[in-house]
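Chain nomenclature is as follows: A, B and C, assigned in order of appearance, with residue numbering initiated at 1 for each chain independently.
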Amino acid sequence: MENRPLEYDYTIAKMFMLTTIVLGIVGMLIGVILAFQLAFPGLNLILGDSLAEYTNFSRLRPLHTDAVIFGFTLSGVFATWYYVGQRVLKVSMAESKLLMTLGKLHFWLYIVVVAAAVFSLFAGVTTSKEYAEFEWPIDVGVVVVWVLFGMSMFGLIGIRREKSLYISVWYYIATFLGIAMLYLFNNMEIPTMFATSPAGESGIGAWYHSVSMYAGTNDALVQWWYGHNAVAFGFTVPIVGMIYYFLPKESGQAIYSYKLSLLSFWGLMFVYLWAGGHHLLYSTVPDWVQTMASIFSIVLILPSWGSAINMLLTMKGEWQQVASSPLIKFMILASTFYMFSTLEGPIQAIKSVNAIAHFTDWIVGHVHDGVLGWVGFMIMASLYHMAPRVFKREIYSKAIMTAQFWIQTLGVVLYFTSMWIAGITQGMMWRAHDEFGNLAYSFIDTVTVLHPYYAIRGIGGLLYLVGFLMFAYNIYKTMSSRPIEERELQSASPMGA
Amino acid sequence: MNKLYIGGAIFIALMVVLTYLSVGTSKGGFNGDIVNMLAIAGAIALVTITVFVVIKYVRQMQQDNATGELANESWDGIGEYKNSLPTGWAVMFLLTMVWGMWYWTIGYPVNAYSQIGEYNEDTAVHNAKFEVKYKDITGDRLVEMGESVFLAECKVCHGINADGIDGKAANLNHRLDAASVKHVIENGSNYQLLGSEMPMPDRNGLFNNNTGALITDAEIEVVSHFVANGMSGEGADIFIGACSACHGEDGKGMEYVAPNLASFTPALVVNVLNHGKKGIIGVMPKFDRLNDKQKEAVGAYITDISK
Amino acid sequence: MFHWLEKHPFFFAVGVFIAIAFAGLVEILPNFAHSSRPVIGTAPYSTLELAGRHVYIKNSCNACHSQLVRPFKSETDRYGHYSLSGEYAYDRPFLWGSKRTGPDLMRVGNYRTTDWHENHMKDPKSVVPGSIMPAYTWLFTNSADIDTTYAEQLTVAKHFSVPYNQDVPMKDGSVKNVKMAQSLAEAHEIALEEAKLVTADMKDQDVKDAVNRGEIPEIVALIAYLNSLK
């Protein structure tokens, strides 16, 4: 092997960094709007009566979830893959014309699909299934993008110099396989345009409309087998892959324990899929499926915590780094929130607890512990680490980064505390009977009490968004106005003012 | 560094207190409901465990040193220790797996448990408890109970003051409004207000005995206002002539013949709840979900507020 | 063994796939046929009801409303009988939802009415002070998509043997025969007949006029759907 360091090609990583930031802003802005719409319903008319169809809560909600999942998070996954992959496999994208072409195609088709998805959700074209709202033409696009991602990933692996796969790569491979399997099965649908009427008419109605292959309870089972694991393979697996690279790299520390990495990974793979039924507790799916899901959810705590603990232990004896580097702070707090949400989930998966928690804001709180505190923080930290290396410039401002860290932490805390209280309060009010044995509250009574918590959540979300805008600004300034770094950077990222 | 522990404890205490303030002070509160208790216990366990476990590792960052044997491999400069598993974690993993298998095969009564069975038991307990209680609920207490039913079930249509929200449903503060009476006279009525099939004829079956002819438009107008005014004002003669045969001279109705038009009676309300009705204002749904005592109570309540 | 896998990506991927694919087979497959059998009293959606279901989905009402009554005393008191699997036999997709920002609607047809929905959908606050539900004013002017609805009926009748134009048993021993049209034009006629029954109880003159002209505003279809939820 030659001694000269490899020249990695970050062209595609950069493109996906851009979409991570842009779609992050869009998705979170919509999230903030949603949050305030629940506190102040007048905001459903934020652009006036005539546009209310497109700006009301229910039309915007799927846009939020899909923008942050398939926009922000997936872009982050792609961006980090096109960065991390080359480095831990010790091979440059530039070495293969084919891979570069695939990568670019991957990016541009992704953009096309995102645009189509945004357009269709605004128009109300949706199949209603959470996180799988897209109609079949977009599904086809998603599959093509995914196949391109797979080809470019396995292509790179195929020409690697580093024989054995680094931990992060395990997680990227699992992400690819998991989503591929889940997405295909949950989107089995028959386009209605193939129908022919007894009178011989065909091609009737909207060409993009389809009907699910599964009905009722079966549909629910497949959907939440998907939904739970879309969380697993979208919000957990690839993000764990990121922290396994970026934390040790940024801190210069070696991973605490290979064995722990190994057991956590295979444990997670095996256990995760069984737990989907915890979204269907007390529904009409069979009791034994529900119980199995509850059991596996509890077992799932350990493989999840294994990775987080491995990361915390990697920082053993390195407190001064945590104290001085906002970049490392982000990752340590991300591990903490990961632990929090992977304990919260199993607790909510206990049948009796779920009886209160299901359908309430406590679930929404759980979601955002994970996505804001863990996913959001890790993606931002990853991009902060990558920026000085792909742009060959030091990070514009450490002060902005530090301020951003505290603002966003406060935002997350406000979000989850308010939703925790709101959820438990509402869940208990729904169950309450009065001294006469009547329901103690009509439904609306359980809505109006939530107003202050909805307002607090809105403020928390706004703080998080402000922090994200600071992040975007910091990255922008890094690209445009810092001096060029001459040397190849090793661990700690250089930061300006 | 004790600061961390104190901070953690304060945070946990704060969450618990806030939750208690929000839940504990609401009607029903914790209610001795085991599900409520478990949810709160779970919530407290969640913050407590996370906060203290994370603090444990933070202390290691502060005090310990990274040691161990490095593996030969390194990826992009990232090394890997060959440390063994953290004991606590390994033990817990094993324990949860063993527990899971035990629960699945032995602990979980595969054949004995069903969530519907659990529901049936809970419902039976609830009903038995209140059946006993219901015997003593009469008079003012019954009205009070009725109010509670009304606020949970009826206010979405009739409004919190039972005023019908600008004519969107019947105003239950008084018996009838003129438009409804007029509509019934013109179209008849057949909603089992007496509990069984007993229709009122439409205008083509209503003779004014004073004139010996079918009731006229002008008479309908006048008598409608008479009824809506609580059986007073102009029109008493028409009412006597055309309506009293069935509804009684004072409009208080006759058992098995026609309902009371002067005031609400619990029985009338119960009949409306059992059968629903459709009038000029809209459709009143029937309410199968309420039990007999609840219907009686809300009947007493409406009778009371419309006095 | 794991070290070996880490050097052989193909087998590594196969290993991961087996680990994750296993659970789905065990949990989902065994009950597949059983869960989808309709209970007595469950009939397919009529043309207008199905069009209304599309309106419901288009506007993501399921973002705030569940359609699943869990077996708790407090829920059966509030919403009626707990849900049974067979009641969802014709629901493609299922609409259980995962968040109750608003109440469950599984059986809303039992205790809310056409005129109430009309007021409520136009301006929720006017009937329920403090409501945070958006007003859905555009449903009063947009037209329901009967063509697509008909295409869906044809599709489910063909591929999933949904019993249109067949007698299905009802709880009271009677039978119900839900009609599906033979042609697109007939589908519009059927929907229009149903729409007239709904508008008879409505107040909005523009909507009534539209139906008299032969158009079907989305609100009419939506209300037909809500009324069918029992």
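The rule is simple: a residue touches a chain if its C-beta (ideal position, glycine included) is under 8 Å from a C-beta of that chain, and two chains touch if they have at least 3 such contacts.
Remember, it's a predicted structure, so these values are computed and weren't measured experimentally.
A complete topology is adopted by the chain contact network, contact being made between every pair of chains. By count of C-beta pairs in contact, A-B exceeds the other of the chain pairs A-B and B-C.
Rounded to whole angstrom units, the spacing between the C-alpha centres of chain A and chain C is 29.
Rounded to whole angstrom units, the spacing between the C-alpha centres of chain A and chain B is 37.
Chain C has its Cα centroid 23 Å from the Cα centroid of chain B. In chain C, the residues that reach two or more other chains under the touch definition are 71-73, 77-78, 128-129.
Among the residues of chain A, those in touch with two or more other chains are 164, 282, 292, 355, 431-433, 438-439, 444. Across the assembly, chain B contributes residues 115, 126, 156 that each touch 2 or more other chains. On the chain A side of its complex with chain B, the touching residues are 87-88, 90, 162, 164, 166, 245, 248-249, 253-261, 263, 267, 282, 287-288, 290-292, 295-296, 298-299, 301-303, 305-306, 309, 312-319, 322, 336, 339-340, 343-344, 347-348, 350, 352-353, 355-357, 417, 420-421, 424-425, 427-429, 431-434, 436-442, 444, 449, 490-491. Residues of chain C touching chain B in their complex: 71-73, 76-78, 80, 82, 110-116, 119, 126-129, 201.
Listed in rising order, the residues of chain A touching chain C in the complex are 37-38, 41, 44, 49, 52-53, 56-59, 61-62, 124-130, 154, 157-158, 163-165, 170, 173-174, 177-178, 181, 185, 190, 192-199, 201, 204-206, 209, 211-212, 214-223, 225, 229, 262, 266, 269-270, 272-274, 276-277, 279-280, 282-286, 289, 292-293, 355, 358-360, 363-364, 430-433, 438-439, 443-444, 447-448. Of all residues in chain B, those touching chain C in their complex are 115-116, 118-119, 122-123, 126, 156-157, 160, 165-166, 168-169, 278, 281-285, 287-289. Per the touch definition, chain C reaches chain A in the complex via residues 2-3, 6-7, 9, 12-13, 16-17, 19-24, 26-28, 31-32, 35-36, 57-64, 66, 68, 70-75, 77-78, 83-103, 125, 128-138, 142, 145, 147-152, 154-156, 158-160, 181-184.
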